[in-house]
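Note that the chains take the letters A, B, C, D and E in the order they are written out, and that residue 1 is the start of every chain.
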Amino acid sequence: MIIRDKPRAWELAFALRGSILPHIAFPLAGVVALSALMVLLDHHFGLLPHIEGIPFTVFGIALSLFLSFRNNAAYDRWWEARKLWGGLLADLRSLAREVEIFLPDQGLRHRILLQSLAFLHLHRRQLRRLSHDLETQTRSPELLADPHPPCSALNLIHADLAQAYAKGQMDGFGARTLTARFGSIALAQAGCERIAATPLPFVYSLLIYRTTYLFCLLLPMALVGTSGWLTPLFVGIVAYVFLGLAEVTEELSHPFGSTLNALPLDAICRAAEISLAPHLGQPSPPPLQPVDFHLS
Amino acid sequence: MIIRDKPRAWELAFALRGSILPHIAFPLAGVVALSALMVLLDHHFGLLPHIEGIPFTVFGIALSLFLSFRNNAAYDRWWEARKLWGGLLADLRSLAREVEIFLPDQGLRHRILLQSLAFLHLHRRQLRRLSHDLETQTRSPELLADPHPPCSALNLIHADLAQAYAKGQMDGFGARTLTARFGSIALAQAGCERIAATPLPFVYSLLIYRTTYLFCLLLPMALVGTSGWLTPLFVGIVAYVFLGLAEVTEELSHPFGSTLNALPLDAICRAAEISLAPHLGQPSPPPLQPVDFHLS
Amino acid sequence: MIIRDKPRAWELAFALRGSILPHIAFPLAGVVALSALMVLLDHHFGLLPHIEGIPFTVFGIALSLFLSFRNNAAYDRWWEARKLWGGLLADLRSLAREVEIFLPDQGLRHRILLQSLAFLHLHRRQLRRLSHDLETQTRSPELLADPHPPCSALNLIHADLAQAYAKGQMDGFGARTLTARFGSIALAQAGCERIAATPLPFVYSLLIYRTTYLFCLLLPMALVGTSGWLTPLFVGIVAYVFLGLAEVTEELSHPFGSTLNALPLDAICRAAEISLAPHLGQPSPPPLQPVDFHLS
Amino acid sequence: MIIRDKPRAWELAFALRGSILPHIAFPLAGVVALSALMVLLDHHFGLLPHIEGIPFTVFGIALSLFLSFRNNAAYDRWWEARKLWGGLLADLRSLAREVEIFLPDQGLRHRILLQSLAFLHLHRRQLRRLSHDLETQTRSPELLADPHPPCSALNLIHADLAQAYAKGQMDGFGARTLTARFGSIALAQAGCERIAATPLPFVYSLLIYRTTYLFCLLLPMALVGTSGWLTPLFVGIVAYVFLGLAEVTEELSHPFGSTLNALPLDAICRAAEISLAPHLGQPSPPPLQPVDFHLS
Amino acid sequence: MIIRDKPRAWELAFALRGSILPHIAFPLAGVVALSALMVLLDHHFGLLPHIEGIPFTVFGIALSLFLSFRNNAAYDRWWEARKLWGGLLADLRSLAREVEIFLPDQGLRHRILLQSLAFLHLHRRQLRRLSHDLETQTRSPELLADPHPPCSALNLIHADLAQAYAKGQMDGFGARTLTARFGSIALAQAGCERIAATPLPFVYSLLIYRTTYLFCLLLPMALVGTSGWLTPLFVGIVAYVFLGLAEVTEELSHPFGSTLNALPLDAICRAAEISLAPHLGQPSPPPLQPVDFHLS
């Protein structure tokens, strides 16, 4: 995630970090070049038909509405993913407090909290599809080969809880409280997996990119008559807005990816470690800081 | 569901798999042909009235807003269905952990988990309206003739639980926890049945297809004066956007159907089997993989 | 509710069942006739001022956005009502399973389930404002004169439960579980009553119908100059879209009404009967089928 | 709240009750008069610049979208407030049933239910900022001078419950059930207070009224060239739509106010009295009826 | 938060308090000056190309939709933050009532409630990033140096509760009720931290400010031909609407900031103090009042 203040005047003009421009530079240049070529063809050979603007207005508005829908859906995915991770953080904090009340055995408490942190890192590793991840390799090397490592971590915790309940180390009220807590954790986990495994329908991507390019490629016919050599400039601006928005949308719809706009899962995992440290009798680690405006 | 990366340049131009084009090829061709005929009639016999664009702008924007609403509603159905299945997966995982705590009898635990998986497959079979389905025929052949097979599976589980409670094999805390879990499962099940049984209001379909065709059939009158023989091209593009969106919407609004964009229920059922295997003392089966970009 | 597949070509052109056309035929004809009269006045007496399209574009877009908002709100009411009834179905199913666990007395269980079905029918009767309803007259004739019959049915159930708790036939865990279940039922019930008793603000209806008619009546001034005798056709199309959408919206905003698009409460009540039959030791009745595409 | 059927033809033309027209008559007349003056200045002295419509189209669409956003936000406040009150009604009904199960002492039960009704009326009095209110003056005169009367009523109930729990008149299951119920009531109460205390951001009101008036005052420059003396009519219609929507929005955003469109809190309080009467051994009072289409 | 009634006529024209105008005065003046310069260049040297309006209509509508999306997202953040604080208020009130039932020891009760108020102030201090805050320095000076002060306050409460549970001063029902209450508080806390720590994606800010300025800087080319010296006025109005909305959006998206439109956290903390005073045997402090229309 990019952490930057409101852009100031000179940043508006020149900031590249966090901008979408570098990602669309190539197709943008292509569209502008092609429209320049079309103006050339028109001026020298008169080959380009000149069309009135009405169909482009309707087409442009339909395209705007469609991009707007897709942008909403992508942002909702990104924000829902952030909510789920915020919920996981709250769940871990509440868990640490609840075990203090319901589990008198400190060793068991620490084991459960450490395993919960391991779960969080394994969950992060799975969502980001990391093959090499130092945290999980240190915390739970024995789980990495399991069919579903985060679930394995939660299963281990429940084996502990089942034993504690059978032995009378946890009463029924504690069993109810802790199973409800882990039920909430499992729900947030499945929610993240849903977002990671179910992209926006591919048919939307295809439809939106096809119509956007079609619009940009046909636009010169509507502009060349009145705008002349300014046509490539206007086509470039329209393409910047539409392709830029389509690209931002593409990135935000994958909130667990490796793009600059992806969610700062490392930082949230660290926040959980900070919150759980006092319950484990450990000093809290420092919070993660953005590097070059980017919080990983 | 189609699992494909962001389309690249050549895919944009030629990809058919996952595209909406094949589904609307016939009406699209019809609209284009008709508009070509209208241009012909206009050029040779001057029979076509030429109209200004203003009413088409208003009509086009109204239609865009309407399509946009229907698209939102359809996508919400699709995404809500996915959420419900994600919730079912989380419920089954939590169930497997909760029975470990509250049901000391391993045989009973296995019976309940196997029946829960049977429920999931029967639920999938009912939503997809499958008459022949190998999984359910293997897992629960005795339930297939019941008036409501998925409910029968859940009823069997509760008969087991009622007996366990009466015999003292499950305490009150366990009874509360497990009935709450199955209450959550029943809610997700009823939610899926709601989406499957209650389509988007038919009156919308009729209104949207009628106005879309009307718009495409009248559009040549606004374009022929200025665009000439480019008219069929523009009509084709507008029809592609509008009919394409209407068709995508139609597909997504039936998330349990058999179209390429329907939800991958087989894969989610398999994910549940993977998660429950360790609790059943079985090896986890491999996850389902997309075949030709399609995850069933 | 209309249960029909996606409209095919000939249905698009001729289907009336489930169409909004019959409901707006009269005002539509009026608007078209009036615009024809205006064209006549213009051509013969030159009485009609000719106006440019810009104010109509703005007016038309504002009106479209407003209709779009109202349509969203109406559809949300309709869909929320459907969700609430889906929730009631899930609640009744879960109730039937929970009483098996917590109420050992079969007679008491059957009494509660029968009374719950009676509640559902009384609730349906109240929402639809039916004076004669065979189901409720058969199931609970003694409650029909009460100030609030559905609440009376739930009160009777709770009197039974209170007695069972006092006598020790139900333990505290059961009391918690069943009061939570009926709390959920009461919430869904109050939600339905809210939708039935609180229409969309009347001021919206007035504003939307007034502006829609104003738009249709003034539109000829913008069209007559360029469209001539095609003006009534265009006015008719615009009126069809706007009045049609306003009318659909009006219908969907009353999801418990008696229109074709109202929710199929009879069918959902039947689904509840099918689900509860095994718990009552009765054969399941057949599901309701659509009659002439209509499911009541 | 206005309770009226769908407006019929003559009501469309003449209905004032529930219309927004009387509220905006003065500024509307002012805008129309000013535009007439501008036409006069233009025709006699040629002082008015004539401008093309494009900037007005963009301005008008931006304004429509903005009004549309604010309308959505206002309607959401109104509907959320209605949902919260519907939830309060459901909570009171469930409370009445739960105390029957968990509180064997009838006197205590009646005291709690009467105090709950007193709470509802005090809550209504606070939201509507009533200084004189017969119901609360009759039911709980001793609480009216408290810093927060509705909270005082709930505190009294909890003092009763705490005593009952200490004395063993209520078991732990009852304590859990009733505290959860009152937790839900307190949440709905705080939700209503949030809506009442936090208006829509003032900056929106200022921005929207300023831009609406600017648009209406500048519009004559775009229309006078082509519409002549029809300009005031069109300006009037546009001002009617925009100012009318802004005014409706203003009213709905204060759902607990004293306008005609405010929520019928009196009627909902009465519905709660009707539902609780059987539990108090009292006859149910009649439901409130609309007076001149208005339900208070 | 600004607390002001609906603006009246003269306020519309002159109100600055709560207006966005002072925040955008500088860029607005810049844009207007630049467009005046462009008109000058055009009239004297004919250097400015004149362009038709169609591309500006499409651009303007796309920009409006995009601003509209961002405004929605920002308002949702603001309103969700307000909901979370309303939920915290309800949680504290319910907590005060629940401890009366489940914790017979008054000293413990008071300690927990005072610590909860300390938590609320520490939470406010953290969200607003205050370095000097009298309330927290008075209430909990020993926690301010902790890695996460609000969590420390909640941890202290749970240490008390764990001890009470171990000693038998709180039964299992109380432990369940109070851990659920603090779970709800921790969830609201994490929700607020999420909003404070995760701004709207920076890429949106960049894209929206860049396109807004581009639009305003290019607009004179479309207007100068027909509007002449009125061009700077129109550019100024369009810039006022677009930059104003972008700026409002920027402010509302930081609901815990120090702007005039930020949430009144001081007043909500005071409301919690008022509600908890009777439970602490203290007189209620007076509610906070707006100062110069501003509630802090």
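Please note the rule applied: a contact is a pair of C-beta atoms (placed from the backbone, for glycine too) under 8 Å apart; a residue touches a chain by one contact, two chains touch by 3 or more.
Remember, predicted model here, so these are calculated numbers, not experimental data.
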For chain B and chain E, chains touching each: A
Between copies chain D and chain E, what's the superposition rotation on C-alpha atoms, in steps of 5 degrees? 70
So how far apart, in whole Å, are chain A and chain B when each is placed at the average of its C-alpha atoms? 23
Centre to centre, by mean C-alpha position, how many angstrom separate chain B and chain D? 38
Residues of chain E whose C-beta touches two or more other chains: 57, 61, 65, 68, 172-173, 176
Given which chains touch which, is the overall layout a line, a ring, a star, complete, or other? ring
Under the stated contact criterion, what part of chain C meets chain B in this complex? 1-4, 6-7, 9, 11-12, 15, 18-20, 53, 56-57, 60-61, 64-65, 67-68, 71-72, 75, 78-79, 82-83, 86-87, 89-90, 93-94, 97-98, 100-102, 104, 171-174, 176-177, 181, 219, 222-223, 226-228, 230, 234, 237-238, 240-242, 244-245, 248, 251-252, 260-261, 263, 274-275, 277-279, 284, 293
Across the complex, what residues on chain B touch chain C? 27, 49, 51-52, 54-55, 57-59, 61-63, 65-66, 68-69, 73, 147-148, 151-152, 154-155, 158-159, 161-162, 165-166, 172-173, 175-176, 179-180, 182-183, 186-187, 189-191, 193-194, 198-199, 201-207, 209-211, 213-214, 218, 250
